[in-house]
Amino acid sequence: MTASIGRRTALSLPLAALAVSAGRARAQQKEAFRFGALMPTTGPEAGYGLDFVKTYEMAVKDINDKGGVNGHPLEMLVLDTQAKPEIAINAANKLIDVDKVPLIITAWSSVVKAAAPIGNRTKTLELNMGANSPDIANLGDYVYTVFPLAEVDVTALAKYTYAKLGKKRAAVLYINNDTGIGGAKIYRDVFTAAGGEVVAFEGYDPKATDFTGVLLKARVGNPDVVHIHGLSELPQVIAQMRQLGMQQQITSYSAGYNPKILSQLGPAAEGLIVTSLAPTSAANPNVAKLLELWKQVGRFPNGLPYLQYAWDSTVVVAQIYGWVDKNGLPLTGENCRKALLAIREFDLPMTGKLVIRDDHRIDKPVYLYVVKDNKFVLLDTVA
Amino acid sequence: MTDPVILLQILWTGIAMSSYFVLFTVAFALTLKVEKLWNFAQAGLMGIAFYTMFYTLNAVHWPPWLGVGAAVVLTAAVSIAVEVWAIAVLRRRHSSGLIFFIFTLIFSQLVAFVLTLMFGTEPETIFPSVMSPVRIVGGVAMSDWDLQALGVTVVLLAVLYWLIRHTRDGQFMLAVADNDKLAEIYGISAKRAYLLSGIIAAVLICAGVYLYGTRAGVTPDVPIGLVLTAVIATLVGGLGRIFSAAIAAVGLALLQSFSILFIPAKWQALLLYFVLFFALVLFPRGIPVWRIRRAKPLAPIAVAQAGD
Amino acid sequence: MSEILRLENLCKQFGGIVVADDISLTLSAGEILGLIGPNGAGKTSLFNLVSGVVQPDSGRIFLQGQPLEGPLHRRARAGVVRTWQHMRLFRSMTVLENMLVATREYPGESMLRSMFATASVRRAEAEARGRAMDLLARMGLTQAADSIVVDLPFGQQKLIGLARALMNDGRCLLLDEPMAGVEGSNYETMQRIVRDEAAAGRAVCVVEHNVSFIKDLCTHAVFMAQGKILQRGSVDELTRSRELTELYFGTVEDHADA
Amino acid sequence: MEYLANAGMLIGIYIILAASYNLIIGYGGLNTIAHPIFFALGAYTAALLGIGTTLPSVVCVLAGIGVAVVASVALAVTTLRIEGDYLLIASLGFQLGLLQLVNNFEFTGGPSGLSNIPVTITGPGRGWLYLLICAVLVVVVVWLIWRAMAGPFGRAVRAMRDDELACAALGRSLITMKIVIFAFGCGAAGLAGGLYAYYFQYISPEQFNVAQSATILTMVVLGGIGTTWGPLIGAFVLVALPQAITFMQLPSSLVGPLQGIIFTVLVILFLFVRPHGLVGRREAGVAH
């Protein structure tokens, strides 16, 4: 009887260990500090979501290998959101009520927004580490971002295009969803305010595959730059534009900073300008370490700059927990918020300095890349 | 915007881009006609077809004919398996249409989850590059992909037309579509007709997915949206009229393409739904494309006359 | 005898097929009129025109002197009620439920009144239930009241179809092939009930292929072919006519009964 | 345990949706799948009024019900003469079209939805208080539907489902009955929408798309179409099942797809093992 129970316990242990996955290596003696992560691990966005999760696991393991948070192991609980708000709401409630986490990291605008009322109500700190919708700054006292919102890179890009590249007439094409509309509007406003003229402003359906009409409409306005604020369909839009013989300068934002674009477009990608919000391995040796860890996974990750923020947001969590623990406070969402505002300035391994501002926004240098000989080459840095 | 070259360009790309839409629509309309089945499981088949081609052509670099062949075989096999082990069981039980609807939909979701587990959800294309060479004809850009798409679609539809009109199996399929009980009395096997229509649909789906996947990124969630548009075209074309559905598919694609001249692009999708809704309000039994009664009882829809 | 139903110059075409060609007819209280003719003669189509399933191209219909117009349900409420060749019973419901739905003034038409079961609803329900049980008793089907209709033998289903129509209590009764497939005691019952109802002052019109039933029951009959009334007379007269017999059993081309 | 209250809310809201949808499709035999759009209309109306005015929340929810009813009657009047499968597709066009409008308008928040719906109840008991309100409303809605369907009205509705022509030829006005059950069912969906908006405080167009239609339909059919208890059981199982799966200790990077696979396989199993639904009997769903 006892033996069989013993065996069952033994069997269930590896599973449990898998679930909490990272950590526990060194700091077994002290109670674990837990935090929650709401990520799409299924659905159309899971390609990025799963790589975020993987990176958190790496970062948590790294922290625990170095002794954890004041000797406490850090432990992460991941729940799937499918990047859908209604699923995220339930998952957030489970993390807060069942698992009692004081802090949740998350991404994807609709998920951040859906979880915000719960965070505010239950006084649980919610950190956005990947969504860039401008509304995120106004979601309440318990929602902060450690990722620069859209205005940071789009503003820099629009100003740069007008002032440095000397482009006066811009056509703006965008995917008709949250990301596309938000980004395109900022671009239009900034470009117009700088003195340029927006000659076409067209959104296309997220499910569209034929962009001929939109592109021709843009061409009629005779632009000298076309800004495309799209997502995974971005390569197709560019391909069709080049196939139609439109040779204008193309710009995009951080979604375009993706090696897949180079292989899908080949020579057609030449001259494309995109943004990135994180330094490369050449500029920051820590990034090389992250890439090394990914080599063990056996493939190149999706959206490396985002993953740098993913890693750093884990470090932010550890520092917050460290501050709360050092000050002898109970680990609650309220104290986590207090810690975030008390620390204010974080020096982070992958993305450099982070300053939390009272308006819930952050500033970051913007790296502009241009495609040259089928490679992304650093064009300029806008600080 | 009303420059004739621009209009021609929109027309040309619109027609070329509607090719896979046409193939999916015909596949859907065929199963609907023969099996009386709103087969949303075709979304699952599309997923299987795509990832087979993606794996064999993009990852392990088989020659194209072999990869496409493998996709056809696998897709047809799954199609038959679903028919024999699930649809036939439900049919024997005289299950309600809703059960079929839910089963086929959930089946497609299951396939999407399995594919997610195997391949992730990063958008993939069948070949690493989505570019194809372009020639300018009278100011209109025509890519090799456009020509290939038109060629494949026209050939497949011609073969299907021949199959239905001039082979015994094709006639049997129509007989079963007309009245399966009566057909069985005359010794025509409904089961054989169902299987045949499933295989034809699998071929059409593979062709459509090949065209789509060489041009646009696919994730496991994409196919269900593609089926939905096929449903709309099938309906506007009129139930049970396979080739009218194909023409409706082209028409809807062109309507969307040309609407850009009058309305902002973000309203294009709305136009599609409006057409669907008002078409049904005006013609509650489907749109009478061109009803001609032929003397031959098994004559399918008159295709040539439907283009007015 | 007072006139119940009058048809004046009804015409109807479907595509190229004429299903009613200038049909005029009167039907009086207590009369049982047989409608005979070959398949596709337009007999059922005539019922469809009168009951409102289809609207005539031209011509008029009067019920007790009042014009009979509008959709199906309004004509049923005016007192024209029909049965169907294929019965069209409500297959998921019991015999009693089938019959209760058919009362002319239905208390459950209002969802709210039905929900809160007001006194008037309960009274009307009880009254209808009583009438239904009486009808079933006359047919000898009292025990079947709570059976699901499709579980009953075919002949009994035919009787239920008639019983359901009688719940309407209308002055004009249109019976579409009431005897097809009915045998034995059910046959007797059917005849008895139809005769009783006519005697009670209803006007009955029967489409029937079973000529002996027509002979037994009908005072008069009408012979139809290709949407036209060819002759009206006693059943004997019509069956004796060589010309009509030939039309009936002979070489007239069949086309779909619309 | 706020989490349980939250799951309870979700179950309650889906019971209202499934029960009212069952009224339309199960009892009435009207094949529409546009139910989520009335859910959406209720939610958006309540949310927009809540954000833009100082009206009490009860009034906002009632207005949501009103808008859902008006829209449903408009849809009914234009489309109910369409038959069978075509009605299904017309309703789909209606749903996707309206949703596209919500998606493209500025005042509805577009694709990013409405995230600043005001807090109505505060304090630690919020979840339970909401659950209590929700439970009362569930009981009321389910009771009303049960009363209506058990009485003479329900009998006529079922007769209509079994055979429209025969039912009309016996004097029943089909259009009236269709409009009434449509308005009632869609009004209930609007109520569910109001509850959803105020409790979850975030709504966006993608929550009301075809996937939602499929979910509600699956609840109804899985539980037992055309039965009183079927939609309740179906809603409970389909909300609770994925929740239960999250408690299984699955590896975090596989958890999503595995959950999906387990869920879909279970639904398929149910469909084949209990073809008439978890509580359905042989004759329950014959209409389709």
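Note that the chains take the letters A, B, C and D in the order they are written out, and that residue 1 is the start of every chain.
Heads up, the rule we're going with is that contacts are C-beta pairs under 8 Å (C-beta built on N, C-alpha and C of every residue); 3 or more make two chains touch, one makes a residue touch a chain.
As the structure is a prediction and not an experimental result, all values here were calculated from the model.
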item: Shortest contact path, chain B to chain D, counted in steps; value: 1
item: Chain separated most widely from chain A, comparing mean CA positions; value: C
item: Chain occupying the most central position, where position means C-alpha average; value: D
item: Chain centre separation (chain A, chain D; CA means) in Å; value: 34
item: Chain centre separation (chain B, chain C; CA means) in Å; value: 48
item: Chain centre separation in whole Å, for chain C relative to chain A (CA means); value: 73
item: Centre distance in Å when chain C and chain D are each reduced to the mean of their C-alpha atoms; value: 42
item: Multi-partner residues of chain A (at least 2 other chains); value: 42-43, 46, 50, 176
item: Residue list for chain B, restricted to those that touch at least two other chains; value: 113, 116, 266, 269
item: Per-residue multi-chain contacts in chain C, two or more chains; value: none
item: Chain-chain contacts as defined at top; value: A-B, A-D, B-D, C-D
item: Residues of chain B defined as touching chain D within the complex; value: 38, 86, 89-90, 93, 95-99, 101-103, 105-107, 109-110, 112-114, 116-117, 228, 231-232, 235, 239, 266-267, 269-270, 273-274, 276-277, 280-281, 284-286
item: Touching residues (chain side chain D, partner chain B) in the complex; value: 25, 78-79, 81-83, 85-86, 89-90, 92-94, 96-97, 100-101, 104, 210, 214, 217-218, 221-222, 225, 254, 256-258, 260-261, 264-265, 267-268, 271-272, 275, 285-288
item: Interface residues, chain A side, partner chain B - complex; value: 42-47, 50, 176, 202-205, 207-210, 212-214, 216-217, 220, 232-233, 235-236, 239-240, 242-245, 260, 263-268, 302
item: Chain A partner contacts - residues on chain D that touch it in the complex; value: 1-4, 6-7, 10, 103-104, 110-113, 115-117, 119, 122, 126, 200-204, 206-207, 243, 246, 249-257, 259-260
item: Chain A partner contacts - residues on chain B that touch it in the complex; value: 1, 6, 9-10, 13-14, 17, 113, 116, 120-123, 125, 128-132, 134, 136, 141, 143, 212, 215-217, 219, 221, 225, 253, 256-261, 264-266, 268-269
